[in-house]
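Common to both upcoming complexes is chain A, partnered first by chain B, then by chain C.
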Partner chain A sequence: MDPSEVEFLAEKEFVKIIPNFSLDKIYLIGGDLGPFNPGLSADVPVWLALNLKQRQKCRILPPEWMDVEKLEEMRELERKEDAFTPAPSPYYMELTKLLLNHASDNIPKADEIRTLVKDIWDTRVAKLRLSADSFIRQQEAHAQLDNLTLMEINTIREFLLGSLNCMYKLRSNLQPGATKGQFGDY
Partner chain B sequence: MVKVVEVSDSSQQKTLRGHEAPVLSVTFDPKDEYLASSSCDGSVVVWNIEDQTRVTSWPLLQKTNDVSNAASLCRLAFQPAAGKLLAVPVETRVHLYERGSWDQVGSLSDELLTQPVNVAAWSPCGRFLAAGAVGGLLTIWDVNSRLVVERQKHEKGFTVCSLAWHPSGSQIAYTDTEGCLGLLDGLGTSGTGSTTAPAAKPAKGYDDLFDEDDDRLMDEGLSDANSPVKKAAVAEDEDDDDFLIASTGRVRNRGAILDDENSLDTGSLKLGQDKFGEDDDDDAGSSVAPAAAAAAPLRPVYDGPVPTPPQKAFQPGSTPAHLTHRFMMWNSVGIVRGYNDEQDNAIDVEFHDTAVHHAMHLTNSLGHTMADLSQEAVLLACPSTDDLASKLQCLHFSSWDTNKEWMVDLPQGEDVKALCLGQGWAAVATSALLLRLFSVGGVQREICSLPGPVVCMAGHGEQLLVVYHRATGFDGEQALGVQLLQFGRRKRQLMSGEPLPLSPKSYLCWAGFTAEGTACYVDSNGLVRMLNRALGNTWTPVCNTRETCKSKSDHYWVVGAHENPQQLRCIPCKGSRYPPTLPRPAVAILPFKLPLCQTSTEKGQMEEQYWRSVLFHNHFSFLSSSGYEVDEAAQTQSDKEQQELLMKMFALSCKLEREFRCVELAELMTQNVVTLAIRYASRSRRMNLAQRLNEIALEKSTQLQEDEEPEEEPEFSSDRRTSGYRQTEPYNTRQNDEQQEEDEEECEEEEDGREMETEETKRRLNPFAKESGLPAKPSLTPVGRVGRSNPFKVADSGKPTSSSGQARVSNILDNMRSSRKLAPLSGSAGKPSKGPVLKPLAPRTKAKAQSTLLQISSNKTANKKTLEAAEPAADLQKQPDTAAPPAENTENKRPKTGFQLWLDENRKIIIADNPDLDETDVIKEAMGRFRTLSADERLLWTERAKGQSGETADVKKRKRAENEAVESDESNARKKMSSLDPSSKLSAFAFSKN
Partner chain C sequence: MFIADIKKDFYEVVANQRVALLVAADIDGLCACKILQALFHCDQIQYTLVPVTGWQDLSTAFLEHKEQIKLLIKEDDDLGVPTYDDIFRDEDEEEEGEGSGNESDEGSEPSGKRRRFDEGAIERRIERQRAKRQWEARRREILFDYEQYEYHGTSAAMMFFELAWVLTKDTKDMLWWSIIGLTDQWVHDKIPHMKYVSDIATVQRHVSRHNHRNEDEENSLSIDCMRISFEYDLRLALYHHWSLYESICNSYYTACSFKLWTLKGQKKLQEFLADMGLPLRQVKQKFKSMDVTIKENLRDVIEESSNKYGMKDIRIQTFGVHFGFKNSFLASDMVHAAAALLESTERDENDPTDNFIKALDSLSRSNLDRLLSGIDLAKKKLIAIQQTVASCICTNIILSQGPFLYCYLMEGTPDVKLFSKPLALTLLCKYLLKAFVQSTRNKRCKLLPLIMAAPKDVEKGTVIVVGIPPESETSDKKNFFGRAFEKAAESTSSRTLHDHFDTSIIELKSEDRSKFLDALITLLS
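Take a look at the complex of A and B:
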């Protein structure tokens, strides 16, 4: 999967916005949205929030976890634990990127949050690499990793599957392939 | 264990061991020879520092296991300089021990000291000893004379936990356990041992005064020696002088406080006042008399009611004016923010809905402190300064000309205290107790006097709410009054100065209107009250915002309220009463909830929902009465909701065997819902209840009738109507058009009724006709015409009216008495066990005979097909039939009714059968019709009395309501029924079309 596809999926997450227009309920395939009252928060999918934001029709309220203190806590926890801790949101990376890129003026301490989320991401991806490494090294048949987000799985899928395939080929070539070769030679 | 450490280099450490529990307090001897400590083990010990030995020990205190449990902190103190005396607070006294011998040489006490002394502190001169006690009493003794020189009460009664003398000896700083720091000023104690009344001179540069005072006091005090009696006399004399001084002092003090609100805590201690209001500045104003009275030593303290400082005028939706960044207004239109710091003095106006206007940034050169915002304009006002009058500025941004701003100067000496904007007008309340009205374009309009100093104002549409001080409140209460004025076409006063109810010891926090125009307000206890127009303009508490707060210090800052949907819009504030401007607060929504009892139970919940729904839909009638458009859909929706709730409550109390309660509930219902309730009651075999409900239904119908035709007697009118119906029926037959307009019917009926009145027989017939007619009405859906014609034809045409009428009359009479019998008959088919119960059922049969509704189609079609099934029911009915009237009609009808009833009881079977049958649709229709018939019958029955043709118009609505109600019923009684209902209705409609 392309990261942009994952991001697309993340855009279905709901965020709160404070619209500055008033509109009745709108009926979409994905569900009914609104009604929108100026000054009152409403839940909308991220894609709509960003669209409205770009048209200066709303303010986006950052999700609850997008808070410096909470993220710091999570970062510490993530660093302390060997296993993966539950991510702040299944789409934390995508949402952070989307919201901070388009609505950083509505999010207090946007830069700190960006750094924190990047830290968490790095820690988690490092763990992922480590576990992949040990997985391969110990030639395990299966492994279980909890609390991974889609984006994280996606980053390693391509590489891991590819390399596993490669290794499988290499390993299987050692014996049958070699014999085949021998047969061919003969 | 006490450790002594050399501070400079911590080289020397000495340890004093001996205390068996935590140490409460330690103090050094000024000569550094001794150290005294008190401990939770109850002992007070003097140590020799050098030897690290215990010099002496007194078991003075109560033993406790921890510092937090100790009754007193027992802060000891050595007399300064020579350190001759050691003061030890013990219970309510302070013991004095002599250095060296460590004998108790005296004890200081005061009769007003009733709680343990916490702290003792010597004055720098060593002559006076101050003690702070639990409960906030500060006492100062002259040690030589052992007499009280001064006593003060902490105004909030917090426990004093530390004391410190100013080196000059004229002031004492103290702290209390709630974290406040206070300064006790003006101690007239620096002189000799005079014990005359110490003038409590609060705060601010009294040194000069002191000196003079003290000198004088000294003279007199010296001459008087120490005889208490004489002293008292002197004190009396002195008192007058002191009073003067004190009072002047008060005045000054008050001025000072008014100038500087932040200094409130200094000088907040006042002589001899037990109770203080919450606001310090009020105390200053109000305490003159009591202070003077208390100036004499040992005089009883005034502890009567103390006037509350009147709360200051404010703008609802604004944060306090002393903040540099504040909200000047936050309402449903937008936000006005004020900035007043070094770089900037500006006002930002921002609209929630940018379609109203774009955001504005104004420089606040005039120093506006008040603002209001509406869809049309921004209104700003500033108080007067020395050389500038108070100004009112209006930015009328919705004006269509190019001049969008106007400004008005108020007369000299008149300050704007509150302002608000309505639709097309602006109102300003001033310090001259005037209410000035302006048009939004700047034309001066009405002016009137206010009954008291304004607290706040709010405007909405054509309504103006003014809250003012009605009188002086006592003991923390505010005495507010409220006026509600209405402008527009007819100007009037809706509320003329009624007292505004507030929670105990609270003040007003917010006042305004809901988006629908109902006044409401919030007090400092977080209670939201809303005007209840249906109850004589009383105030109903609708929400307690504090209930949803997590901690004691959290508050909700209300910015608006909506009745439909029921929303209280407010901003949650952590640890404060109002929000900061940054970060930008988010609006939260609180639900309303009436504080009814036992809302945790199902009954309480439904009651709460019902009354809340009633309260929050009052505005419909108000709006329509004042000529606004009303959202009909929402109104019917709310009516439906209320009736559903009533029905649920009815069912609940039925379950609980509370039949009286059921009847009470039925009285709140509308008539058609009552018929439903009757059905429910009869189905749950509560004949007694059903009968009573019938009476209620009758009453309601007669009421309705009376409303429409007050002259006629209900019964007669009903008869006539019924007769009318009868006659109408032929009419109907003529017009076989399915869709007769209700109006026509009514007219016909009335006419018929008049004609019929003369003929008794016809009358008699009428009741019968009624019954038949009634069902016809409910059936209104034109479907029934055919059916009608048939039954009527049978009755009318087949038999001369007189004969049939007589027969019917007998029946009718029977109905009146034994209508129950009939009902049971018809009902019996449905519910054999309930003989007498269902009057409505009885009308049904007749109604059916007359073929009112769907019956004809449904009954006939369905009945014929289902005749077999119906027959047993018919058999059951036959017995009653003998008594019953016209054979043809009754027969036809009875089987039908029997069938219906039978269906009711044996639905499951039928339903099971239905799928098998080809004519499932027909059967369903039949069933649906049965239901409708039953409802109709009830209607008919109730209407029998009424005989109102007018109701026909309502029939459709009724049907809907009934169906809904039925659905609700179904939940209780029959789920299957409910599922069938819609189909039946649909089928009915289809039929009508045919």
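Take a look at the complex of A and C:
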């Protein structure tokens, strides 16, 4: 999967906005949205929120988890634990990037939030690498990882599966009597 | 068409149609265009952008699009325009300089006559005819007054910002563009100082409104957000992106006050720097790498010293923008950069549309490398202007022709290609006049206007001629050369092209140069 596809899926998440226009309920294939009244908050998917924000028709409210203290706690928890702690949101990385790029004036302390989210991401990806490394070293057959988000899985998926394939080929060629082994580039 | 309420009469009419945007090639027009583009994006109005460089371009574009479009928006820093009613009413009302950048469909000629069909008494008819003749005479008189002088009204970018504000869709980006439009008028000497100061005050209100909206101690904004601040900064062109020494040598204010084309002037400059206690090594370094202790009080120190050397207005009120950690620009920097890009003669295939798009891009925050390349071009342009001024003064090629001063740039002059463009030539003209006024002893010559000619197109054999009003402290920047050029061209049947929106800039065949000048001399004396 391409990271942009993951971002596309993330845009389906709901976020609160405060519109400055009024519109009746709209009926879309994915669900109903609205009605919109100026000054009253409404729940819309992120793709619509960003479009309205760029057209200066709304103000985006930061999601609940996007708060400096909460993120600091999560970061500390993540650093303490060996396993993965529950992520702030299943799409926390993409949402942070989208919201902070387009609506940073509506989000207080945007710079600190960016730093904190990056820290959490770095810790989790480091744990993932460590876990993949030990998986291969111990030649396990299966593993279970909880609380991973789609973006994190996506970063390691191609590499991990590709390298497992290579290792399988290598191992199968080590069997005695395998005259058809491809020694080729190895 | 003149309009009173910009939101109702203009925006709401335009909102549901497909719009053609014809933009003139100057920075104010570019900024107004950007603001309007941003508004159109918000409301998803379809538009076509057509850059035009003169009346001919305008008419071709109009004819091309005539079939599809009913309403045209032409933006340029237009001539000062009295309001509609003032021309066509009989009472005497004061003329307000309501320059707006808007004119709509050329087809609708304003007509104030009302025709009364009354088959009745002959006396009434005679009475009416007399009134009509009087009215026509007055109309001709007013139109002549109107067209006699050319001057600039309020910046088009500022007018569009007001529109955005009325629609409550104004953003800091739009505010910054309107500031650039206003500064362009000041840099290219299109508006008098008082108007500039009052416009700055208007803009300052918007700036403080935007700043108050977001700045809070607990919830400070991200560093990437744009911050506009009022600066009472030095009048040295591009000095933040150059070295202080280079900037002093190449800004017309300081160069003319010190008379840097003479040896004495150079010595005076060294004295000036020594007086402030600035070591030469520091001053010749890039400004960003200068010692922080020196930079701290630089503005005040320079102001004090320059008062001693007779430069009372070294500081000027302007605005600066900061975004990200290292990007900070003054409005005049951006004007110089965009103007240099708009008229760049760097490459051989000089497509004016290409340059227009590049200059337009450089005004966005996301195209920093374009802006920086523009700043480099602007530095080269300023250096070229300064050298040309120095050589013109030293070789005395400015001649007094009686009612005006005249200067012709020969074809072999270095960088003469740069001066085939109207904006660059106007800047050169302005600097040259100021330098000449400083260097001449003849009291009468100091009050004369200047006409400058430079080769424009070598194959076609044309020159571009620019006239600027005389240098004075309280000038209202009214330029009468437009009409004068037209009349001189008519009387000598010279082959001229009055294409530019600014009527004081024309193109002329080189062979007709001398008889055109003679006609001008007789006309103006």
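Points to keep in mind about this one:
Just so we're on the same page, the second predicted complex is superposed on the first by the 177 of 186 C-alpha atoms of A that agree within 3 Å, B and C clash if a C-alpha of one lies under 4 Å from a C-alpha of the other, contacts with A are read in each partner's own complex, and residues count from 1 in each chain.
Convention: a contact is a pair of C-beta atoms (placed from the backbone, for glycine too) under 8 Å apart; a residue touches a chain by one contact, two chains touch by 3 or more.
In this text the structure is predicted, and so the values were computed from the model without any measurement.
Once the two complexes are laid over each other on the shared chain, residue contacts for A:P38 go to chain B alone; chain C is not touched. By the touch criterion defined above, A:S104 lies against chain C but remains apart from chain B after alignment on the C-alpha atoms of chain A.
Of the two partner chains, chain C is the only one that A:R55 touches; chain B does not reach it. When the two structures are aligned on the shared chain, A:E76 is found in touch with neither chain B nor chain C.
When both complexes are overlaid on chain A, the residue A:E64 reaches neither chain B nor chain C. Applying the stated contact rule after C-alpha superposition, one finds that A:S22 touches chain B and leaves chain C untouched.
Overlaid on A, the two complexes show chain B and chain C touching the same residues of chain A, namely 20, 56-57, 108.
The touching residues of chain A, counted against chain B in their complex, run 16, 18, 20-22, 37-41, 56-57, 59, 61, 108. Taken in their complex, chain B has these residues touching chain A: 332, 334, 351-355, 569, 583-584, 586-587, 589. On chain C, the positions that touch chain A within their shared complex are 41-44, 168-169, 171, 214, 218-225.
Put simply, chain A touches chain C in their complex at residues 20, 54-57, 100, 104-105, 107-111.
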